[in-house]
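Look at the two complexes coming up: subunit A is in both, with subunit B in one and subunit C in the other.
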Partner chain A sequence: MKRIFIREEFCINCRLCEVYCIVQNSKTRNILKAYKGEYPKPQPRVRVEEKGHLSFALQCRHCEDAPCLEACLTGAMGRDPSTDAVLCDEERCVGCWMCIMVCPFGVIRRNREGRRVISKCNLCQGEIIPVCVKNCPNEAIVYEEER
Partner chain B sequence: MAKVKAIAEFVILRDKEKCISCQVCARVCSNDGHWRDPDTGEVLSESSRCVGCHFCETLCPTSALIIARTPSQPKANAHWSPRSLTDVTKQAETGGVLLTGMGNDRSFPIYFDHLLLNASQVTNPSIDPLREPMELRTYLGSRPDRWIRHPPQGPSALASVNPPPIPLETPIMFSAMSYGSISLNACKALAMAACEAGTLWNTGEGGLHQDLYPFGKNLIVQVASGRFGVHQEYLNAGAAIEIKIGQGAKPGIGGHLPGEKVTEPISKTRMIPEGTDALSPAPHHDIYSIEDLRQLIFALKEATRYRKPVGVKIAAVHNVAPISSGIVRAGADFLVIDGLRGGTGAAPTVIRDHVGIPIELAVAVVDQRLREEGIRHRASLIAAGGFRSSADVIKAIALGADAVYIGTAALVAMGCHICQRCYTGKCNWGIATQDPYLTKRLNPHIGARRLVNLLRAWSLEIKEMLGGMGINAIESLRGNREQLRAVGLSEVDLRILGVKPAGEAW
Partner chain C sequence: MNYLIIGAGPAGSAAAEAIREVDSEGTITMISEEPLALYAKPLITDLLAQKIQRTQIIWKGENFCSAHRIHLQTGKRAIRLDIPRREVVVNRGERIGYDRLLIATGGRPIALSIPGVELPGVFSFTRLSDADALAQFVRSRKAKSAVVIGGGMIGLKATEALLEQGLEVSIVEMADRLLAATFDRPASSIVEEALQKKGCQVFLQNTATQILSGRSGQVEGVMLRDRKKLPCHLVIVAIGVTPNIDLAREATISCHRGIRVDSTMQTSQDGIYAAGDCCEMQDFFGAGPRVIAIWPNAVRQGKVAGHNMAGQKDRYEGSLAMNAVEIGGVATVSVGMTDPEGEGYEIRKIWNPQKSIYKKLVLKEEVIVGAIFVEDMDRAGIYTGLIRNRIPVSDFKEHLLKEDFGLIYLPQAFRKHLVTGEGMEV
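Here is the complex of A and B:
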């Protein structure tokens, strides 16, 4: 299975990953419309963590042993059999935030764009390469087979 | 202190319609050219801080930024250019020597652009390099005066006592750029690319960082006037040794790496205390003649048990041909001539812009002189200084070089936009800097990939051009000036270049 790997030694903290994540998760998928025309503004599923000159882009790790899967009350959180990605079925999510509580990486957030559901990385379903990886100028995040 | 009166060189044009205030530009500019206004949330810019490196423009996701030369023009004056005005103003303000980076950018004639290549038609067949073998391999090092020795008694034997020459898969090498002037990531990129492409990279005079010892097979280690990082292990780490006498960007001038850049790993590599200025004297204090140079060449040969070629690098200056003759006679296995356009991490602007001679003329006269004296085989000739394309490379080889060094072109491949601010240590592209925020911007794997691509592309083009001439090996082109014709040059230029004018047959 392919995973997103972080190479923090090359992250330049430009946050283009966040920009392209916002566009990918917008209604129009157009960068100008996503930023200037959509309210509420789409939120990024990837965030750059920063301390001193160390920074790295962090998104859902799609853990093998994902605590959010067990914590989910309604079974909304599930694993996609084809990509092994951990995905949330927003129809079933009731917004209890248990997954947010148990996530060891803090990469699940409340969705502020509409309904009371959670917001997390879905590995850009439908794309061959997640947009954060595709648009990283320094290959500080890579999408590779697990070694 | 009074307000600065020099006019800003660039203007940052921000298209408000396109700007999404994502702050990518504000996060990446090392010169604080962009920032977010906390009151309005808008991203603003200050043109006077812009150095024209185009990093923000490259990263801007909506192409909202354009870095343009300032439209502000002083009154037109054929003698007092805006540049002269700015320089005088800056010096009136600072009282200092103006510094700059990279190579000479003035409008001196570029002889490469006056030389044209030959191609085969009817009377000799051209070669298709995609269908037939085409040899770009060349060898660096001295050739013996005689190949076979016939002793009075016993069988004949190979006469060579020369160090084995180094094979180059393509006649393009990476020129000396020290760890200190460029970042470790940039050195790694060059090292990895040289190993992959089968060519050589060069430490410059910054010593060899521990992490780079595995790339020694494709390395030329440099010994310069500062002798930084020179020890037994270092001398034996590479494939060859280069004594640096001069540099094209600053002939006759030493080097100065400011103490702020001498971080802990650099101080270890250079074997100097942390935070102290690394000063390379203008001359080698033990070399005041060809005889002294011979001593150093043979000292280095002794240190490496005569197993590694030892070369000498000089800047192209007026007396370059006789000096080269002396260097070859002093025992150098290869000779590097660095021309007027050669780059640097820092040099006084006036030196960079006005000292030295063009590499085209220097290569031609050196090759001619060494041939006339019958010692051309004793040393390989490497041309350096401002090679912009495969055409420049092939023309230099036709003028007499064995191989060329590329420095600026390699940096451009890694991202450099030649803003000439290397000396500030704030390189946004992560090349000429030691700032940990900036050095990580150059991912050595990306850099190496781009360098290998560049070498591959140029090599393919060289093969195409060679094939067109009906030549199937780069060594057959070396010094083959019949393959060149000149346009728009004077009789004197033609004589010095040893090239016929366009239109004149063989």
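Here is the complex of A and C:
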């Protein structure tokens, strides 16, 4: 499958990935409305971590042996048979937070935008390239076939 | 190869899936004594709270059995194992043969032996039938108040559902805290306060000694050890679950509290495996053997059992106690040894009662062995990962509980291994 690979040495901590992720997950898909007109404000599914000069963007790794899949008791968390992406069906999620408890990357969060469900990267279903990758100015995250 | 799985819970279904990964030819038969199989028992809370549709409790989806070619037989109770003939006797004397057997019979609620437990209006809360009977009772009796005996995971979930239904609820717990398996006192106190704000009373270090009935034979209240009377219309008994081991024990398979298994999930009998809430083994820290009856462990054990049954070597790492629960609007995650007794433990914590934020880490020999997160819990899984991978934290110990703590503080080699896209073994 295609995955997002992180190249921390190229990250310039501009956080454009977070901005585009917010817009992608907003109702209006309009940057000004997403930031100023939508309440609650959409959450980014990608997160830039920083420490001194080091930074990198981190989102769901769509693990091969995904602990969230084992912990999910509703069947909401599942693997897409065509892309192998780990996706959450929000209709089935009840917000038990079991996946949050076991994700070693800490990339699943409580969704603060509405119903009690989780929020995570879905590799921008429907897009050819995830928006965080597409808009990264320095190829600090790349979307490639697994090496 | 004929595979037979007794039980259709998370362990049984994970095993069936794992067998199918390895063996596309073999016959997989799964029997369940309940009329409805493959549903998620924890979701009966959400069903009772009317947060989900009835169809949503089928967690693996309707076509799970056809997709994996599993012969599912519901309403069939395994009565006896005939090990020499490699057969399981089910109700009405029918026999089902096997080459490899998995016992995934789960647990059953521990019975409370006090006067009045047989009254109508006293319920356990582990099966769909319990939730249905309870919902029916609340409607027909127009029940307004309940006492939940037991402040563990099931008791708390039942409390939450009843509160959402508008009932007044009191919890009675024997220990000095709620969720005694993975909470410490401060974590419990935050949750207690949140519950009290919702009108729920919490009685700790106390037990029910009698369930009181009125003239009509209906539940009227619960008498506590300290002679306090709690008036109520219904009682939920949730003092724990005990492994269903009768089948195994009567067949002279080695059992203690649960069915004994090795790290491949095999029992003392060759070709017979056990997984999920019915079995016991050394825990993740090498203590025990003990039973840690939680969902993710059951799935993992089922998977390991399934692989080994089908001939692919796999090993179970040992169970780690953990709970994720949101109650009274307070979200919590608690993992491992959170309140250990004895020497050699280092405790690090942050407590902000105003914001209900509490974070605690327990370290031993520079490795995290326990963690509690109250409210600020969205990245708690990172710590679960550090526990599971036994990562020494000496180099970044000072940063562990900082607000911006993340993968970036981890040793570069380990971080690279994580973020280069390889799945991490956990």
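Just so we're on the same page, the second predicted complex is superposed on the first by the 147 of 147 C-alpha atoms of A that agree within 3 Å, B and C clash if a C-alpha of one lies under 4 Å from a C-alpha of the other, contacts with A are read in each partner's own complex, and residues count from 1 in each chain.
Here, contacts are C-beta pairs under 8 Å (C-beta built on N, C-alpha and C of every residue); 3 or more make two chains touch, one makes a residue touch a chain.
Note that the structure is predicted; figures quoted are calculated from it, not measured.
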Judging by the criteria at the top, classify the pair subunit B and subunit C on subunit A as clash or fit. fit
Taking the superposition on A as described, I'd like to know which of subunit B and subunit C A:V86 touches: first, second, both or neither. neither
Contacts for A:F105 in the overlay, against subunit B (first) and subunit C (second): which applies, first, second, both or neither? second
Partner, of subunit C and subunit B, that touches more residues belonging to subunit A: C
Contacts of A:Y35 with subunit B and subunit C, given as first, second, both or neither: first
Which of the two partners, first being subunit B and second being subunit C, lies in contact with A:V131: first, second, both, or neither? neither
After the superposition on A, what does A:C17 contact: first (subunit B), second (subunit C), both or neither? neither
Can you report the vertex angle at subunit A, computed from the C-alpha centres of the three chains with subunit B and subunit C as the arms, to the nearest 10 degrees? 150
Examine A:M77 and indicate which partner it touches, taking first as subunit B and second as subunit C; both and neither are also allowed. neither
Would you give the minimum C-alpha distance from subunit B to subunit C, in Å, for the three-chain superposition? 15
Contacts of subunit A common to subunit B and subunit C in the A-superposed view none
In the complex, the residues of subunit A that touch subunit C are 3-6, 8, 47, 49-51, 54-56, 58, 61, 63-67, 70-75, 92, 94-106, 108-110, 116, 146
Of subunit A, residues touching subunit B in the complex: 7, 9-16, 18-20, 31-32, 35-36, 53, 135, 137-140
Within their complex, state which residues of subunit C touch subunit A. 10, 14, 40, 42-43, 46, 51-52, 56, 58-61, 295-296, 299-300, 303, 322-326, 331, 333, 335, 377-382, 384-385, 388-389, 404, 406-409, 418-421, 423-426
The subunit B residues in contact with subunit A across the complex are 18, 20-24, 27-28, 58-59, 61-62, 430, 436-437, 440-441, 443, 445-446
